[in-house]
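Naming follows writing order (A, B, C and D), and every chain is counted from residue 1.
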Amino acid sequence: MDGLDAHQLTALFRLMSLRIDEARHMLGQLDGAIGDADHGNSMAEGFAAVVRASVQASSRGAGAGDLFAIAADSFLEAVGATTGPLYASAFLSAGQRYRGMQSLRAADIPGLIPAFASGIAARGKASAGDKTMLDVWGPAARAVVDAQAAGSAPLAVLDVALEAAEEGREATRAMTATVGRASRLGQRSLGHVDPGAASAVIIIAALRDGLAVHLGQGAG
Amino acid sequence: MDGLDAHQLTALFRLMSLRIDEARHMLGQLDGAIGDADHGNSMAEGFAAVVRASVQASSRGAGAGDLFAIAADSFLEAVGATTGPLYASAFLSAGQRYRGMQSLRAADIPGLIPAFASGIAARGKASAGDKTMLDVWGPAARAVVDAQAAGSAPLAVLDVALEAAEEGREATRAMTATVGRASRLGQRSLGHVDPGAASAVIIIAALRDGLAVHLGQGAG
Amino acid sequence: GKKLMNAVKDLVDESLAGALVAHEALIAPVPGTGRAVMSRAGPRPGKVGIVIGGGAGHEPGFWGYVGKGLADAAVVGNIFAAPPPGPILAASRAVNGGAGLLYIYGNFSGDLMNFSMAREMVEAAGIPVRQIVTNDDIASSPPDNRGARRGVAGNVFVFRIAGAAADLGASLDACEAVTRRAAQRTYTMGLALEPARLPDTRRPSFDLDADQMEIGVGVHGEPGVEQRPLASADDAADLLLDRILAEMAPARGDRVAVLVNSLGGTPAMELYILTRRIRQRLKAHGIGVHRTLVGPFYTSMDMQGVSLSMIHLDDELAALLDHPCQAPALTVTGQPT
Amino acid sequence: GKKLMNAVKDLVDESLAGALVAHEALIAPVPGTGRAVMSRAGPRPGKVGIVIGGGAGHEPGFWGYVGKGLADAAVVGNIFAAPPPGPILAASRAVNGGAGLLYIYGNFSGDLMNFSMAREMVEAAGIPVRQIVTNDDIASSPPDNRGARRGVAGNVFVFRIAGAAADLGASLDACEAVTRRAAQRTYTMGLALEPARLPDTRRPSFDLDADQMEIGVGVHGEPGVEQRPLASADDAADLLLDRILAEMAPARGDRVAVLVNSLGGTPAMELYILTRRIRQRLKAHGIGVHRTLVGPFYTSMDMQGVSLSMIHLDDELAALLDHPCQAPALTVTGQPT
């Protein structure tokens, strides 16, 4: 019962979708302060589309590894915007990592984070400190790699990733946006949490809690 | 010192203008409740134009009796609207009554009211009870005629005219508008004072007070 | 309640001045008055002159409908107040082409009095004048008292018909007859989400709660006939359309033209949502739509809300609607739109 | 915060559906997607295809600029969100006339990414694509970093130039070159009196006190660059114009075209007051105005406010602006306007 098949991976996506949906207004408000207030809607619609497509694909017998490309497509076409291409790249990069796998082992799950980080970095070409979601995905990915190298168990890896993610999110407060919509505010973006950073933390937390549930260990 | 020359008549118009201007917002609010809220502005601009034209005309040596046609014209062209033609007719009708007079005697002054009433009635073709300014000018005009027939002094005549005017204004509350803009409200106009009735009372009160000042008897 | 303006007293003159420069190729001031504009295309000898007008605050009404194939002159009063006879007279003289004049204006006591006074003076000068007093606003009086109704956004169709007929060389009698038929076959109903605010006081012209809409508003901030809880776009569209269809009573296969009008503060996105519903329902009724106009054609300053106007066409009216025109607020080319 | 709408999730689709019926003679859906429209006049073999687009909420942007002499297709995303590659791809295929495609869109990271992804796919199918990324909003970044600026209402001029050039048969190279020059010579600056309200929350997209205005707002409810006390119309016009003139640096005798744009909730009366001032000042500077557009051309839902756009013309650009076009939101006839 250690592995996640397509249905179980879909359940993981559903948890992400649920958590993002709960945070929809909060994310909209964060985006409103420095952008156009739609980040909550974009993320919520994107993940809802991912869940719909994953349910269909897994009921057609798709393998867990096949879901990522499907997720990429459905997120992208439901959302467009900045987050559509970024998370589509994230899912595609994960899809490459897990290509052909019928189910993912628990030990494979933390690897999602570096995969997402590299997909987002490749598409968005942001640098650390630009006040974007990469300021969460980047540190979280490094935390995963370090913890795996130290031999930590999957959930423990995700625990340190989440910690790094939260630190990354808080660090965006002190950054001035230099890419994306908020960059036009210049110094006025200072003091505000980046919305994309905030939603990234929610996804990572859902990943951790979803894996914990799957492993029968409850939410952290 | 009993008569009013053009300058003194202009002073009377100026008092009307002043009083109407003070009531501008109140009249706008009354009109807002059942019409388009512009009655205060229309009346204020109309009387301001009357004063400007009368000052010019009297400094050019016009007689008091000549001012009325000039007032009619300036009121009309400054205002348009419903009140423009109505008060233009009122002034023209007074102009006919006082045609050729260099100055008006105090005893001539109350006659302004029936002159105004007949001018307004001729132009607007409203009936008593239609909830218009005529529900003030009509009763006030009858009060003037009755008091003059009874031999009252000019100020006393204006006192009873004002009383009748105020009663007429209050009576419009219980009327349903059947002409003018407010007629489209049907029963919803009930309970509201007609703005044109309210401004008519102000003019009559200014006429009374202006004559009192002129006669050295102070405001009533 | 914020507005971009300078002194309140200059509001009308300054916005008119802006219209005259923005559309200088199409319209020009009428000599001798600051409150009337005329078409650069007119007057044409032998053509009936069309003079329209009313209070300010309805921009692009009325100057937006002056141009070739539309009105020859527009006269503008103070905010929500009929223009006095002076500028009407000046406009009448300026656009007289020797074939008589047709005045078109909404049914308001002020407009009636001032245009009638001007008409008397113009006729005294030997120029024949006919008047069409529009009364398309079905909310403002019951059908058996149609003559008491206000004239509102449906004016756009009436101006259009008169302008086209005159441009095609119709006589004064013929212009008057077809314009009167157009006016009789035009129906409008409006609703507001927020009242207009008067420029001087910035106060709302009527009170409306945060969850209410006002049904049957006029275009001068007059209150409507009832308040209802704010409805969905589809329900709002139905409410307007049902009332109009009930009076117009078109048969399957009949044709109409439709105007979904912003009262000033309602943006295009919302107008088009209503348009969609209205067109769906007309289709279900088997009613053809010859032309659909959507936008701020006849406003009530910054009022938030919409009005729906429909004209019940016959072949002649439909053809006149297709006749080319070019004016600041309405251009019809030979091409389909 | 009241809006006429049905379910929030249907807002974009329903308003697009309304546009398609209201302007059915001019625009049609692109096959295979619900989020793109194409001109009934195209595609024309041998003509460069112009594809424009961006988020919804800017109505009549973007579909209002599709028609003969303007864009061939417009792609629309969710509210204030760039469209995904799918409908861009569908539109590209639908309007390909064999002479290549020109994409024109505003400089936002979402639009850049999605249009670029679509472009890769279209080019992989053997159709050459060029892109013009507009950045006319001078408030959004200093002149030495013009490439970081947003693309806003000045798009109307850029679409117009590209559409005219393509209609006249220019090659893809030539279309791209003249459109790029137009984009480089276009400047916009906006200010808001009231923020837009998002349809789902009805919350203002930024906070603004009752006596303040927000200078340098974008068209997506992004906050501007500073707040100031609400100014008179003339001062507001000066503020916008001064900034634009400082960058454009036109010489006496130069010519421009002007767009005084409502951001959604500002009525015509106010726009024309600003227009008057802007034209007066341009005249004082000896700058000729070739064309003036006034109205809700590029909105930000129901935001109250205005933007001023100006394009610094040369002979070729001026001639292209005069080339006839017919689209839902802009008709230019052979006649002067």
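Keep this in mind: a contact is a pair of C-beta atoms (placed from the backbone, for glycine too) under 8 Å apart; a residue touches a chain by one contact, two chains touch by 3 or more.
Please read all numbers here as calculations on a predicted model, not as lab measurements.
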Enumerate, in label order, the chains that touch chain B and chain C alike.
-> none
Chain at maximum distance from chain D, centres defined as averaged CA atoms = B
Can you check how far apart chain B and chain D are, centre to centre, with Cα atoms defining each centre and the answer in Å?
-> 55
Chain centres from averaged Cα atoms put chain A and chain D apart, in whole Å, by 33
Rounded to the nearest whole Å, what is the centre-to-centre distance of chain C and chain D, using the mean of the C-alpha atoms as each centre?
-> 29
Using the touch rule from the top of the page, what pairs of chains touch, sorted by label?
-> A-D, B-C, C-D
Residues of chain D that touch chain A when the two form their complex = 55, 77-86, 108-110, 113-114, 117, 139-141, 148-150, 198, 200-201, 203, 205-206, 218, 220-223, 225
Per the touch rule above, chain B residues touching chain C in the complex are 25, 28-29, 32-38, 41-42, 45, 76-86, 123-124, 179-181, 183-186, 188
The chain C residues in contact with chain D across the complex are 1-6, 11, 14-19, 21-23, 25-26, 56-57, 59-60, 68, 193-194, 210, 213, 230, 232-234, 236, 260, 264-277, 279, 289, 292-296, 299, 301-302, 304, 306, 326, 331, 333, 335-337
